[in-house]
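Quick one: structure below, then a few questions.
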Amino acid sequence: MKNISEASILRNGKSLILAYDHGTEHGPVDFEPLPESANPEHVFRVGRHDAVTAIALQKGNAEYYREWEEDKGISNGAPLLVKINGNSALAKREDYYSPKQCSVQYAVEELGAEAVGYTIYAGSIHEDKMWEDFRQVQEEARKYGVPVVMWSYPRGKGIEENSDYSGQKDPEVVAYGARLGLELGADMVKCKYTGRQEDWKYLESQVGDLKTVISGGSKRSDKEFLQDVKDTIEVGGNGLAVGRNIFQREEPEKLLDKLEEVVFKDEDSGEFVQNG
Amino acid sequence: MKNISEASILRNGKSLILAYDHGTEHGPVDFEPLPESANPEHVFRVGRHDAVTAIALQKGNAEYYREWEEDKGISNGAPLLVKINGNSALAKREDYYSPKQCSVQYAVEELGAEAVGYTIYAGSIHEDKMWEDFRQVQEEARKYGVPVVMWSYPRGKGIEENSDYSGQKDPEVVAYGARLGLELGADMVKCKYTGRQEDWKYLESQVGDLKTVISGGSKRSDKEFLQDVKDTIEVGGNGLAVGRNIFQREEPEKLLDKLEEVVFKDEDSGEFVQNG
Amino acid sequence: MKNISEASILRNGKSLILAYDHGTEHGPVDFEPLPESANPEHVFRVGRHDAVTAIALQKGNAEYYREWEEDKGISNGAPLLVKINGNSALAKREDYYSPKQCSVQYAVEELGAEAVGYTIYAGSIHEDKMWEDFRQVQEEARKYGVPVVMWSYPRGKGIEENSDYSGQKDPEVVAYGARLGLELGADMVKCKYTGRQEDWKYLESQVGDLKTVISGGSKRSDKEFLQDVKDTIEVGGNGLAVGRNIFQREEPEKLLDKLEEVVFKDEDSGEFVQNG
Amino acid sequence: MKNISEASILRNGKSLILAYDHGTEHGPVDFEPLPESANPEHVFRVGRHDAVTAIALQKGNAEYYREWEEDKGISNGAPLLVKINGNSALAKREDYYSPKQCSVQYAVEELGAEAVGYTIYAGSIHEDKMWEDFRQVQEEARKYGVPVVMWSYPRGKGIEENSDYSGQKDPEVVAYGARLGLELGADMVKCKYTGRQEDWKYLESQVGDLKTVISGGSKRSDKEFLQDVKDTIEVGGNGLAVGRNIFQREEPEKLLDKLEEVVFKDEDSGEFVQNG
Amino acid sequence: MKNISEASILRNGKSLILAYDHGTEHGPVDFEPLPESANPEHVFRVGRHDAVTAIALQKGNAEYYREWEEDKGISNGAPLLVKINGNSALAKREDYYSPKQCSVQYAVEELGAEAVGYTIYAGSIHEDKMWEDFRQVQEEARKYGVPVVMWSYPRGKGIEENSDYSGQKDPEVVAYGARLGLELGADMVKCKYTGRQEDWKYLESQVGDLKTVISGGSKRSDKEFLQDVKDTIEVGGNGLAVGRNIFQREEPEKLLDKLEEVVFKDEDSGEFVQNG
């Protein structure tokens, strides 16, 4: 059964996931705008902000995070979400694929993960293989009682070569990807935001009780970024997963303060709901 | 041994399976004629009708269904049939294939499935792989004592490139697909109806004691649809699996009332046989 | 070690295997000459003849056979030989392959198989994969103490594209296929008969103590068929596996009577040796 | 750790392996020069000669061998070396490969193998897969304490298409193949002999403490054959694995007598060292 | 969690790994400059030098090493690092791949490995498969508490066909490869040195607390080689893995003496720190 209702990665039913898998997915080039962001400890420190309800890391940095917490004597850090698969930008592939680099067992038993993440590229010629990988991940996560966040990014030849679709941000494509999160048994789905609120509203109509977050995407202005978050939450969204838009900023705390207000402030009372 | 004779998904030896895997197989586009059909709870409610002997769902909606039942305090809902495999229309594939997205163990032990379903595309270049997947599914289902329904849809290059066949609805092709249900150890087979009663009669001559249901197919008029069901039952068919022809209707209950009469009314007594 | 000497599928060291896997391998078309042969119960009844030392079925019909025996109260029916692999004629394949559709464990433990069968297409580009499948089947059968019959049918690109061979009935090819039965650890091998006694004699010189049976092949006259059986037994053959030549006849019992005489009558005493 | 020092397949640190896998590898054609050699019992009898320190068989003939020994009441026959993989000449392959046809467990536990053999075709596009197969075989053999003989035959596209190499008998290629025996953990390696003693000397310089034997190859005169064996032993070789050069001779015992002298006679004492 | 801080393969936080996998990776040709280097015992003896903190061997030589130690009564030899994968230069491959030739279990339990090594070729079309292999290796090593050294060598079509990169020594490529060591959970990463100190400094900025060593590469002058080691250590490097630059020298001890000074001498005290 779903594991999300009481999950530690939610606060008032919403999430702000600080994602730091860029060293895997894009390599050192992603850290160039702010070189200290290459240092995982820099990002671990940013993750201390109250607005962060989960920090998403690949296996190696998850190990590092736990050691860093121990070194610093931190016991109330952001819950750890371990990404179970990932890929590098170096490989040549016939089409998109993301191999497993961590088992759910290792993530939960050894790293103390409170959630796991998995990327599916529907539309790829390797989609079917990723379904079978996801099946195992999902069922093992159910066994451990940790929620599963699906990074649902339809892309690849099935999208590119289909003239019905305008590309990865086609609202039909994004909504279909979100629906797969529901159908395959994810607890939360992370999708690209097309930039139009009506598209997210449509997406929300397709996913039943599934939690949804937007992916932060490439760096843009505070104002634009906050507006996107606000727009999606207004129509049912549950927050965001954000990386570069936070850790590439000189003063990430400022934006996190604003995000906390947008994401977690109770509309009625105008007050923050506490964690837990 | 076969698990069908006492199965909860039968009523008087017949079945009406409400199938709701369209979000997986076709995506949001299938819900457009009736937007509320995108909401699984809409379909769960439709499934409360007495005529429904099973509701067929993919893993994620099966989890949702159980939660919904619990929320509503429902204990006598339609038996759950979990589809073990499925695929999206987004992927590009060399030929038809349907990956596993749920294990039989998870379906039965965690979701309380009372039957499982599996799609085989005989004729595809991936047919042999699906046989091996099916073998495991069938044997595991036997272990749990739950019946196996085979969605038997011959298609793909072996059919398209064979000049002996006119296509997926060639009666020889449909009957061969049904026969494979018998040979591979299914308890019930779901096949396309060619529209000609004599073809279904021929099919029935090929399947021994196997239960057969027609697939509902795309939406058509009540009259045409009921006639198809009636025609196949007359020559030995055991009912239908239906999706869009029910959940895309404004008043699905009306058609379900009529179907109940066609499928379950005892010919001799003119009375309904009760469930169980 | 070999499991054949005391095997129930032998009578006086010979076998007559009634094979009924045509619904899998060829589909409904094979039953057209005698439509009732599409009904497994028809063939089960034919298998009641004393001459039949084994009935060879795919998993689904094996399940059916056991139910039919139970329904009829039959306890002394022909021993069941479960075919472990098989394929349909619908699929498009790069070259011949036959996937597993039943495990040895299920065949023996659940279906009470007294022998198992496995098809190898040496010469196919998939030959090596079938070797590895066969290895597992053979070793598991040894564990259960049931004999393994290899359907050894060399075919595919390695034969077709090799100018040294005239085709599947080239005596060198047939004999090599039989030899593989010995080398890979089968207890009995089923081979095509070229129609020339000298070829079978050559084959017998290649197989050590392995049991051999000819495959019945397509339907022909009683006289021709009996002569083939007689000719191969004369030079060391151990009988036949027969399907269409029996179940497509109006009066299969008549031919079975004659076959019983040819296959099982003791040359010296002129009397039948009893089963067991 | 290595299992060779006390191995039963050695006599005075040397080996004469009687190999009889030709029915698998080449088929009946290999037995034509001496038709009775097609009969495994003929070869089993030849293996009774004192000079034979191991008889190498595929699974099926290994089963036969054990039955034959039991029938004849033989308890001191040549130790059995079971070939774990093999292939037929019938298949069409993109490049050389040799599938497993016996598990180490079955070979040791059921057949009483005192050594196992495995063929690697370095240079093939399937080389990497064979490494992984070999890894499992070697580690399982270590568990049982039986030595592993590697048939190391570099061949395939990596050799043919590399202009640095003159072919399978290029001394660099043969020596590299032998070295892989050392690196991958074999106890003994079987290599082709180029016909030049200096090449074998070079090979010996590459293999540390690994035992080496030459493969017998196609049939040639007694004199040439004995000279090859003598030449390789002189520079560190440990004997030979021989098939056709023995079992295709009318009087194999005569050549075995001579081989015994060349391989096992102690240089200093001029006497034979006993087995064990 | 990471296993490196107390690892026996470190001395004062630095490592000098004597690598001897050339017989696998390149074959006999690598030993030609100094023929005795083909003899593993020659290299085992070199490994007795105090400067060596680990000796890296493939499975077969690791077995040999343990026997040699036992023969010689050596109990304080250099810790053994077993390479878990490797490949030969003979095979033809579509792109770079390195198959497993030893299990972690065998390396640790049977060979007493105190560390394991694994090669990843990011950039290859087989990169994803190597990630999954590495995942298992890393998690099994964690279970045993032995550190994992990643040979991180980006190469293959993804590098060659990407015009952004100048090749395997492009500093972005090398740094990305090192970063993958961190992300995937290695304890130490072995990278190519571009020859420019600034590039190694950049690399160090990308790897958090991961240990780094340069690969020795092809043979060059003592002076150049020592300078490379010094330059990388100056900016955070942790030493080197060296093969040909040591074992192809007439007097390897001399260079090892100098390396010991460069790698292990404490900068402040000017004294050597002891092992442990």
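Think of it as A, B, C, D and E in the order they're written, each chain with its own count starting at 1.
Heads up, the rule we're going with is that a residue touches a chain if its C-beta (ideal position, glycine included) is under 8 Å from a C-beta of that chain, and two chains touch if they have at least 3 such contacts.
Everything numeric here is computed off the predicted structure, so don't read it as measured data.
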Next item on the list: Same or different, please, for the chain D to chain E contact, judged on whether over half of the interface numbers appear on both copies.
Entry: different
Note to self: I'd like the angle of the rotation relating chain A and chain D after CA superposition, in degrees, nearest 5.
What the structure shows: 145
Checklist line | For chain B paired with chain E, centre-to-centre distance based on mean C-alpha positions, whole Å | finding: 57
Notebook entry, point to check: Roughly how far is chain A from chain B, going centre to centre by Cα mean, in whole Å?
Noted result: 35
Next item on the list: Specify, in ascending order, the residues of chain E that touch 2 or more different other chains.
Entry: none
Notebook entry, point to check: Which word fits the touch map of the chains here: line, ring, star, complete or other?
Noted result: ring
Next item on the list: Moving around the ring in the sense set by going from chain A to chain B, list every chain once.
Entry: A, B, C, D, E
Checklist line | Contact footprint of chain E on chain A as seen in their complex | finding: 21, 23-24, 27-29, 31, 35, 38-41, 58-61, 63-64, 66-67, 86-94, 97-103, 106, 110
Checklist line | Interface residues, chain E side, partner chain A - complex | finding: 1-2, 95, 122-125, 127-129, 131-132, 134-135, 138-139, 142, 154, 156-159, 161, 172-173, 175-177, 179-186, 202, 205-206, 208-210
